[in-house]
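Each of the next two complexes has chain A plus one other chain: chain B in the first, chain C in the second.
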Partner chain A sequence: MKRIYLFFSSLRESLLADLLVLAVLTVALFVFMDAYGMYRYITMTYDLTQKAGLHARAVYFCPSVDMDNMETEEQLRAIKSEVEALPGVQEVLIDRWGTAACGDMPVKVTASTESLRRMTPAPDRGKWFEEGINADGSVNVVVAGKQFNDAQIGDEIPVQIGPERKPYTLRVCGVLSIPAVVPSFGGYGSQVLTSTFFKSESGLLIGEDAFDTLFTEDIERISSQFFIDFDQNASQETIDSAQEALTRLGGYQTLEDILRDTRAFNATTFKQVMVRPIFYVVIAFVLLVSISLLYVFKRLKTFSVYYLLGYSKRRILADMAWRAGLIALVAGAVNFAYLHVYSSMVAAGKIEAVVGACYFGAEADGMLLLLVGGMFLLTMLASALVLRGKSAVVFLRESRD
Partner chain B sequence: MIKLTNVNKFYPVGKTNFQALADIDLEIGKGEFISIEGESGAGKSTLLHVLGLLDTFDSGEYWFEGTDVRRMGDAKASALRNRRIGFVMQDFALIPHKTVLFNVMLPLLFSKTPLRGMRKRALDALEQVGIAEQAGKRVNQLSGGQRQRVAIARALIIEPALILADEPTGALDSQTSRQILELLTKINAARGITVVTVTHSKLVSDYCRRKIVMADGRIVQDQAAPASALAEGI
Partner chain C sequence: MHYLILTAHRIRDHLRNHSVILLLYLLGLFASILFFLYYFGNFAVADRFANLYGEQLRTYSVSFPEGIAPDAGRLAALGAENVLVVYHDAQVDPERTNVLILEEEEIIVTDSQTGEETVMQPGSQYTVQARSDDTYPYGAKFGSVEFPDPLEDNCIVLGEISLSARPNMDVLRTEPNPVVCLDGVSYRVLGVHDYGYESCIPYALFAANRLTVDRLEIIVPALLTQAEGDTFAAQLQEMFPQAQVQSPYATYSQYLAGEEQQRADALRMASVLLAIAFFVFMFLVKYLFDLSRGEDVVYRLVGASRETVTLLCPLEVLALTLLAAVAASVFHAALFDVLFDKINVYAGLEYRLRDYVFVAALSLLVSAVVCIPFLIGIWRNSILVEKNKYQ
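What follows is the complex of A and B.
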């Protein structure tokens, strides 16, 4: 009680300065975390692609088909079958989806293989399915995006599929909240980056076996491009031969080249997106440390009186720690609320996003903790160095000068 | 009550060590009123700081009310200082922008004393030094004499065994100085609180019953002061 009384008594003396530091620190952290979220959204696709565990010489393939042709889908399937038969090819990762009726609303239902799940962020709630279809015939589903953000684990979603509107029950085992980034192989260009393979969308993700049960080929769609993964044990010559065959069927870029180009792009993006926020945070750091040091020097006389009356140096340092800690804590709490409360409200569709697409995962919490903790420690270190350098007698003597 | 045995203290000065205290042997009993005198640089303030547990020493022993303080860390020394030693300094050592009452309560705020009753104790202490009516004023609104009374009240509130005064009248005119010295004498006589004061002033010295003279870090004279008309007149 007395320590609290003393603490707030001293806080009143530097209230304006503390509020200024708090405001600057909070805004600097906000700008930084926001930019970090945007940067993470961009780099996340790189991380997810790496997590897929594809062979180093895997390729992203674009078949040569006439996209205006009515038989495009058939041509794509034919090329896919031909590719799957090539020696050395272990797996073809392709987007497969269909449309189901969920009440009056159409909803996209996507087949999720094990490889594709490795390229998808873990559900924000619940988990991926182990079995595609349960013993009772219900289908396990991970729901994604704004349309399903209020879904609870265990909820049942009735859908109708196909021209006969055959009914099925989907049981929610996981929820992917906004931005609900999922693999999507719908783009190709002269320079392919990992962001090409992902899209933020709303829909239902079910196992491949379940998808094959619910959708026949005539009501299923596939993507125009796909990943081709090679057997890890295949020889160089086998892979070279397969890649040469691919050049006859379309165009491709190797995963190695894609990752390299993405790294270069991310580095440029970092400079564009992060440099200024980092500068702001550094400024906030410097301001916090400077004002804390000013606070120490201004209160040197008070500290010397305190010491005279039996307040130990350790307690003086603890009081300074409380002050620095409180400022850092409040600034951190405001930003923590932004990361979680704001994100949840955007994910739930309760408010529109006021900034660009951001991704705040556990790393964002860790980054915030690192920044807040670093600021606190740096402030304490600077203040403690000033005090430790002085013996009590020097304290008293200097306070009189 | 206090016993120093063969106490030495050195300060590093450049590449050498300056001896601030040399072979100090000193015993101070309860209820004494002592002046420590000497030229500048004699070691008076250093001795006062050692007595007040504000500074450490390099060799020797220091026993305070039966406790060996030599091995005490800063936290324990601060706690002992808070409970048993009051200070009256030349520059008053008060927090000028805070109220008189806050300044007097400060030692209790640092102690284990419960918050309840603190205000009353502070007002009682101010009553004893004759300025209870100034309790609500800020210190920087008071005269020099009033500020020194506040400092004395702050020293008294912890019911100390020892009051250490460093040039307590250095910033005061002669009339105010006498008032302060009479107050300290009264406290010493009525409550048996030991008072040790560092001074250059003969006026202060005349109020003390024991005079210690220092030179070059040593005690060169330690004797009962001759009875003076001033001291006996109190």
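What follows is the complex of A and C.
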């Protein structure tokens, strides 16, 4: 009790400076973590694409179809079949989807193949399905995005599919929280980046077998672009001839070119997004160390009295650790809370206008812990260095009042 | 002069007895000013326009009502130092063209800036461009977008966007010999590019086929200032009296005004951030001020006025700020190539001496402002109370 009283009475002595440091540190960490989330949101698609384990000469292919034509879908299917038949082609990764009625709301239902699941982040809650359809006929589903952010594992989602509105029951086995980045293969342009393949959207992801059961070809849609992966054992000549054939069907870019362009883009993004927040954190850190050491110098006389009354230097250091630790802890806790309520707040539409699209995975928690812990430890190290080798007499001599 | 001697003495005294606090204060100012230099260069200086807008701010446009011959000596003179982009509005021959969807009705196009309306005849006009360096920033939407070297025949890369005629993708996939016929000359279609530009032909073909230049763009190698740009535009007008010359500064005046506003906002924002950082680091200096109170009492007792004693404190702050600003500027300039140029958001940023001087001056101003609240206590000090305290 006495130590708690002493601790709070010492806090009162430098309240204004401490509050300012707390405010600066909290804001600096917030800006840093928000920027980190934004940076990861932009760059995570690079990691996801690499995780897919595609052949280095795999290509992102844009079929040459007239998008204004009523028969675009048929043309796309015909080209897909033609591409699948090319020598050396192992797999065509394509976004197959359909629309289901979920209550009054239309919702996108996507066929998630094993390759596509490798390109999708692991569910934040639950896990990917092993079987598309359960023994009782229900369909396993991983729900994604804002519309399903509050779904629980085991929830049942009734949907109706097709013109005759056939009813099905989907059972939630995993939840992909906001931003719910999933492969969609919708974009194309002069510079294709890995982000071109993905979209952040609400939807239901079901197994390919379940999708084939639920959706007939006439109500199924496919993406306007797709990825073509080659057999790892295919010869260079086979791949060359397949790529040559592709130029007769549209335009393409190779995965290695896309990854190279994305790396350059990510490096620029890092500079645009992260450098300023890093400066903020460095200044906040210097401030924390400065004010903590100032506290040491201001209280040298008090410490010398404690010392004479039998306190060990370790206990004096522990007193200081409480103070610096409390500031770091509060700043860290506020930001930790932000990381963990971000999805719910965005889902509730409360902070979208204030902060950008972010991705906070487990690594964001680790980064925050590293920053806060590192700052605290270095502050304590600096304080210990100042106190090192000082006897009670030296304390007294150096104390100013 | 004696103010400076006293200030130097006080700083020397702090350095001898309280070096940790003094060095921490200097480190704090150093880090803050370094950040300010980075922020200032990347978000509040004019040089980045060139990077932001790339070629657009270097492109001067000339429209010819009657068109001119591609081999006009004036073009050759302009092309010696600049990149030229020439445009020609060609007539499509539908009978000899097998890969274009031609509009059947006339289209009225309204210029977004002038509001002027142009009637495009149904499926008859097709614009082609050629660039003197034959370098285009596009990817392939279909087929190949590389011109063969050396040129063997008339070839063309179609653009996706055209007003009255667009590529027919279905036919392109199946037609073994895709051809477009422009002004009676047939061009073999190499592919379709994915950029919002017109169709492109090699520059050498443009001249060889004697296509008239209906519009010309001159891309100068380095960004001109607005005054230089106006002079260059006037020279172009003199060179082509019948033509309509457009300077990029006129075209992008609204964007540039917005940029000016953003730069001013960025500078204000950076100044506020600097002030906040300086203010919090002032707690360290306040500690040093407090340590000097005994000395202040002596000054007062030997006849120094309250103003004189109070003035010593901001002088001390300004001297330390100047020291930190010089150190940060030297550090920034010394490590510019190896570190700061690499973390700059915009490539090719240059810092001039005047930028460093401006940042140092602003830092001094901010320091002077934020130390005012800390001087109030010193100003209010009673000589009697202080004398008794330190007696």
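As a working rule, the second predicted complex is superposed on the first by the 385 of 401 C-alpha atoms of A that agree within 3 Å, B and C clash if a C-alpha of one lies under 4 Å from a C-alpha of the other, contacts with A are read in each partner's own complex, and residues count from 1 in each chain.
Quick note on the criterion: a contact is a pair of C-beta atoms (placed from the backbone, for glycine too) under 8 Å apart; a residue touches a chain by one contact, two chains touch by 3 or more.
This structure is a prediction, so every number in the text was calculated from the model and none was measured.
By the touch criterion defined above, A:T247 lies against chain C but remains apart from chain B after alignment on the C-alpha atoms of chain A. In the superposition on chain A, A:I291 contacts chain C only, with no contact to chain B. In the superposed model, A:F215 lies in contact with neither chain B nor chain C.
Once the two complexes are laid over each other on the shared chain, residue contacts for A:F185 go to neither chain B nor chain C.
Once chain A of one complex is fitted onto chain A of the other, the partner contacts of A:W97 are absent, as it touches neither chain B nor chain C. With both complexes placed on chain A, chain A has more residues touched by C than by the other of chain B and chain C.
In the superposition on chain A, A:C62 makes contact with chain C only, not with chain B. Looking at the shared chain after the overlay, A:R314 reaches chain B, while chain C stays out of its contact range. When the two structures are aligned on the shared chain, A:R276 is found in touch with chain C, with no touch to chain B.
Shared contact residues on chain A (touching chain B in one structure, chain C in the other): 400.
Chain contact summary for the complex, chain A toward chain B: residues 1-2, 5-6, 9, 13, 301-302, 304-315, 391-393, 396, 400. Residue ranges of chain B in contact with chain A, taken from their complex: 49, 54-55, 74-75, 77-83, 87, 89, 91, 93-95, 97-98, 102, 106-107, 109-111, 115, 154. Within the complex, the chain A residues that touch chain C are 17, 20-21, 24, 62, 64-66, 69, 75, 188-192, 247-253, 268, 271-272, 275-276, 279-280, 282-283, 286-287, 289-291, 293-294, 297-298, 386, 400. Partner chain A is touched in their complex by these residues of chain C: 18, 20-21, 24-25, 27-28, 31-32, 34-35, 38-39, 101, 137-144, 168-170, 172-173, 191-195, 276-277, 279-281, 283-284, 287, 290-291, 343-345.
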